[in-house]
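Shared between the two complexes below is chain A, which has chain B as its partner in the first and chain C in the second.
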Partner chain A sequence: MIKLLENLDRRWIFLAMALCVSVPILVIGLTGVTFPETPTPLAEAFFAEVDRAGEANGRQANVLIALDYDPASAGELSPMSASLVNQCAQRGHRMYFISLWPVGPQMIDDSIQKVIKRFYPELVYGKDYVNLGFKAGSEQVIKVMGVDLTAEFRTDVEGTMLSEIPMMEGITSLEDFDLIAEISAGYPGSKEWVLYAATQYDIPLVSGMTGVQAPQNYPYYPTQMQGLLGAIKGAAEYEFIVNAYVRENIVRKMLVKNGIDDETSRTLASDLDQIPTWTTTAAAASMTPQAKADLIDAATGATPGEFLEGQRRMGPQLFAHLLMVLLIILGNVIFFAQRRRGGSA
Partner chain B sequence: MQILTRSIPLFITAVAGVVMILSAFFPYTSDWGKFAGQFFNILAAFAFVLGGGNLLKLHLKKISDQRPGWAYSGVVLVCFIVTLFVGLMKIGAYPNPTYPNVHFSGETQGSGSMFWWFYEYVFKPLTSTMFAMLAFYVASAAFRAFRAKNFEAILLLGTAFIVLLGRTFAGVLATGWIPPDSAFSGLRLENLSVYVMQVFNTAGTRAIMIGIALGIASTSMKIILGIDRSFLGSGD
Partner chain C sequence: MSSSVSEPMTSAQRAIWAIVCLVIVLIVVARSFVGHGMGRVYVEPKPMDFVAEVSESADGESASTVDWKQLPPTEFAAYVAANPGTETISWVEYDQVPPRSYFAQETAGGGPIVFSWPRTIGLWLAAFFTLAIFSFLYRDNPFYKFAESVVVGVSAGYWMVVGFWDTIVPNLLQRLLPAFSKEYLTPGMELPAGGFDMVNLVFLIPLVLGLMLVCRLLPKCGWMSLWPLAFIVGTMAGLRMVSYIESDILVQTKETVIPLYVQGDNTSSTFMLVWTTIWSSLAQILLVIGVLACLVYFFFSVEHKGAVGKTARVGIWYLMITFGAAFGFTVMGRIALLAARVEFLFDDWMWLIDPMQQREFITASVGLLF
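And then the complex of A and B:
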């Protein structure tokens, strides 16, 4: 057995990895079942910071969303972007998209198409969100934006002058933003935003990043970086929190629209399991049968697949990690067997 | 010629360096920093041109020398030139609605443009595939290289197991029996993994970061003062 393992062709390992990744993808794709997530304090802090953006200044929040990654890291990071945009849109924040990576504009466009255009068609470009596109110069762009944003960005990605975009009124530098939300795959990325924007101008910053980057950014949490999402695990946790928040918010709005007072709406929306039972009681007498059906649907209906990508990808990650652990153990069994035989390991 | 190759670059470096330091500490000089930063961005844009030129030079040389794999260089050059042409000419790009009759007012990478098509159906699948292949090589490396040869390696292995399992549902399955509100909840793998990252990793990373920062500050001062001239090249 040891002999067989010693001479194991690495293509068998490749095949095992391919199966560990592809089988869960197929099973999750067919059944829609995902593993339950327990959010860590890091993901909760990320969510809370986005949620309270603008409250300190008593206004609709201006959130600068920097998507600094490319398709290579999109598997890990695009679920974070989707959930971030979902939360901001649901919360009513104004979103200013930029990127310091050449292919970042495509990542921005992807998030806009996948989330805003599809689930928030009522949001108006130039009033609720704007795409400022890519700018070359890495951290220098951040430094200049700290003093004068228009010196870096004179037009949006479509070539419209910033002065013609309503939501750019009053935005002159980084200090006019209530929050910087950054999704990063390397340089320039989270570290540069911490050094040249968040710390220097005392602007709250939350950042999502690849697993390789996360260990280097932990020292900034929570003083210089108020929320941190690491890899697909962080994305899945954040996605889980945002999905629950969005569902609760939609249900609450529907209840208020149907004449239920704000306090009752809040209580009911925070316990969605109650909704189907509650609609049969006298308190829901004012609601039409259609409104009740819509409410039950909103409270219990399936979450759109776009907002489950992170949780779905935890399946392949589980089996790939288990394979890695198994391979390390097997490798060490061979190593010790060789050592006992007196071979050179 | 020494003025052009040595004195002027040293002078520019010293002035830009001092301006950047001043702009960080004195609000009155923040506009100077902005000015220097804008120059840097202009240079960064030129770096793209230099990068393109260098790519052409290297691959043309490889093709002309008929070195092994020169055909791949041909593929690189064709792709580079076609993408550059399509992007610069904004082929297939829809004009900006404000200026519907001006072809060049449109977004280069806007949906439907040829540049967008190249990105969506060529660049995106290729880069994703390249990155995904890492999983196979990492698995192979884990089998062949990750050995418990000494105490440090055993510590590293133990930490790797905690993080690998703690970052998945396997951690919950393995240690889910420990009540989350008990005194031992910190031993649950998902909590241990966070503890490893937030305590041991952070302590180590901080030490490295402080060392790097001191090194950068000292090197920057040497460059600004003209003591370190290695960036000028040619043995200076």
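And then the complex of A and C:
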């Protein structure tokens, strides 16, 4: 057996890895069942910081969303972007998209199409969100934005002058933003935003990043970075929290719209499982049958696939990691067996 | 384990790999003929019709301004019929729609949604390149070499175009040659109100430095590129030094000087209070020990013997744990990227799964099971 493992062709390991990734994707894709997520304090802090943005200033929050990644990292980072935009849109924040990566505008466009256009068609470009596009210059762009934003961004991505965009009124520098939300795949990315924006101007910063970057950025949490999402695991946790929040918020708004008082709406929305039963009680008598059906659907219906990307990818993660652990153990067994035989290890 | 990719395989191994490849090809071929097939993209055409609205200047002397107003197709036709001489611009945009919409349209008896050849070819090319890159795992081959060369070539070309339009045009040409830029490069730009601003002549400096940098390509003038390189290195060092000192040294040092005892915040029970107090305090103590031990490890002016050696050893343990965490995160990241590509193949290309509900789920499932 040891002899067989010693001479095992590496391509069998590749095939095993391919199966460990492919089979869970097929099973999850066909059944729609994902593994349960327990959010860590880091993901909760990320969510809480986005949630309370603007509260200190008592206004609708201005959130600068920097999507600094390209398609090569989209598998890890696009679930974070989708959930971030979902939370901001649901919370009613104003979103200012920028990118310091040349392919970033496509990532911004992807997030806008996937989330805003599809799930929040009522949001108006230029009033609720704006795409400022890509600017070359890496950290120098951040540095200049700290002093004079219009020096770097004179137009939006479509070429419209910033002076003609309503939501740009009063935005002159980084200090006019209540929060910087950064999704980063490398340089320029999280570190540059910490160095030249968060630390220098004391602006709240939350960042989602690739797994490779995460260990280097942990020291910044929580003083210089108030929330951190590391790799697909962080994305899945954040996705889980945001999905629960969005569903609760939608149900609460529907209840209020149907004349249910605010306190009862909050109580009901915090425990969605009781909604189907509640609609049969006298308390829900004022609602039409259609409104009840819509409410039950909102409370118990399936979450759109766009907001389960991170959680779906945790299935292949589990089996691929198990394989990795198994391979490390096997490698060590072979190593010690060879050493015991006196062979070259 | 075998480490050489070119190591010869036994005939049995070759046979197994041939079967694996054959199974994959059979699934693709069979999938193409089951249900609605696979790997197709549908689009909905959206006419974009604009008419020119000319407004005269208030004083009647300055040039009139032209605003382009978008009209819905029906209104556009009526407007053009009513105003024959009006200047118009029209084009068609194609929005990608889920195949489900196309199937529904066909069932209903027709509609505007059409099959898109260019996007379908793009999808199949993406699948081909994905598989071509994966094929390297078996062994180096012409498909992989071709895909690799295309990626490198396209990336270089893309960077060059982006560099020209996002850096050279707005940061240099628009400032030094505004009229030329407006005429030939960026017609939407606003010309400076008071004519050419002489302050912009300062941009001749980066132009000269840029040209000197390109001299690196000329064997006799290569030395000239050292000056702009020195400028870049010096500027970056100066720019980063202040921020690094503030962010990575001062704030991080401040965050390390912390109380070792932390009162727990979970007051639900005495046990939980004690437990969280112990846990929080332990985290602080380990943090301080880790920082000091790692610093000692990197302090090479004293020989690592005795107490110093033991402390340095603790530092090594901390470093190893850090590297282990970094390795784990890297593996996680790479697997996520692999999963994303496999999802693309199964979902967008082969239509085996349908997590975004873009097609008819039953059809996809049947496609998998045949």
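Throughout what follows, the second predicted complex is superposed on the first by the 345 of 345 C-alpha atoms of A that agree within 3 Å, B and C clash if a C-alpha of one lies under 4 Å from a C-alpha of the other, contacts with A are read in each partner's own complex, and residues count from 1 in each chain.
FYI, a contact is a pair of C-beta atoms (placed from the backbone, for glycine too) under 8 Å apart; a residue touches a chain by one contact, two chains touch by 3 or more.
If you're wondering where the values come from, they're calculated on a predicted model, not measured in any experiment.
Engineer: Scan A:308 for contacts with chain B and chain C and give back first, second, both or neither.
Structural biologist: A:308 contacts chain C only, not chain B.
Engineer: Between chain B (first) and chain C (second), which, if any, makes contact with A:325: first, second, both or neither?
Structural biologist: first
Engineer: After lining up the shared chain so the two structures overlap, which partner does A:165 touch, if you call chain B first and chain C second: first, second, both or neither?
Structural biologist: Neither partner.
Engineer: Under the stated touch criterion, which partner chain does A:179 make contact with: chain B (first), chain C (second), both, or neither?
Structural biologist: Neither partner.
Engineer: On the A-aligned overlay, A:10 touches which partner chain: chain B = first, chain C = second, or both, or neither?
Structural biologist: both
Engineer: In the overlay, answer first, second, both or neither for which of chain B and chain C A:109 touches.
Structural biologist: After superposition on chain A, A:109 lies in contact with chain B alone.
Engineer: So in the superposed three-chain picture, is A:225 touching just chain B, just chain C, both, or none of them (first/second/both/neither)?
Structural biologist: So A:225 meets neither chain B nor chain C here.
Engineer: Based on the superposed arrangement, let me know which partner A:40 touches: chain B (first), chain C (second), both, or neither?
Structural biologist: Once the two structures are laid over each other on A, A:40 reaches chain B alone.
Engineer: Quick one: classify A:148 as touching chain B (first), chain C (second), both or neither.
Structural biologist: In the superposed model, A:148 contacts chain B only, not chain C.
Engineer: Jot down the residues of chain A that show up as touching in both complexes, chain B in one and chain C in the other.
Structural biologist: Common interface on chain A, chain B vs chain C: 8, 10, 13-14, 17-18, 21, 72-75, 103, 135-137, 140, 143, 159, 200, 214-215, 219, 230-231, 233, 317, 320-321, 324, 331.
Engineer: Which positions of chain A touch chain B when the two form their complex?
Structural biologist: So the residues of chain A in touch with chain B come to 8, 10, 13-14, 16-18, 21, 35-36, 38, 40-42, 70-75, 103, 105-106, 109, 113, 135-138, 140-141, 143-144, 146-148, 151-152, 157-160, 164, 200, 214-216, 218-219, 221, 230-231, 233, 314, 317-318, 320-325, 327-328, 330-332, 335, 345.
Engineer: In their shared complex, at which residues does chain B touch chain A?
Structural biologist: 24, 30-31, 33-34, 37-38, 40-41, 44-45, 47-48, 96-99, 105-107, 109-111, 116, 119-120, 123-124, 127-128, 130-132, 135-136, 138-140, 142-149, 157, 160-161, 164-165, 167-170, 172, 190, 194, 197-198, 201-202, 205-206, 209
Engineer: What does chain C use to touch chain A in their complex?
Structural biologist: Interface residues on chain C, with respect to chain A: 1-3, 5, 7, 9, 13, 17, 20, 137-138, 158-159, 162-163, 166-167, 171, 188, 190, 239-240, 243-244, 246-248, 251-252, 255, 322, 325-326, 328-333, 335-343, 346-347, 352-357, 364-365, 368.
Engineer: In the complex formed with chain C, which residues of chain A make contact?
Structural biologist: For this pair, the touching residues of chain A are 5-11, 13-15, 17-18, 21-22, 25-26, 28-30, 32, 72-76, 102-103, 134-137, 139-140, 143, 155, 159, 161, 194-196, 199-200, 210-212, 214-215, 219, 223-224, 230-233, 304-306, 308-309, 312-313, 316-317, 320-321, 324, 331, 334.
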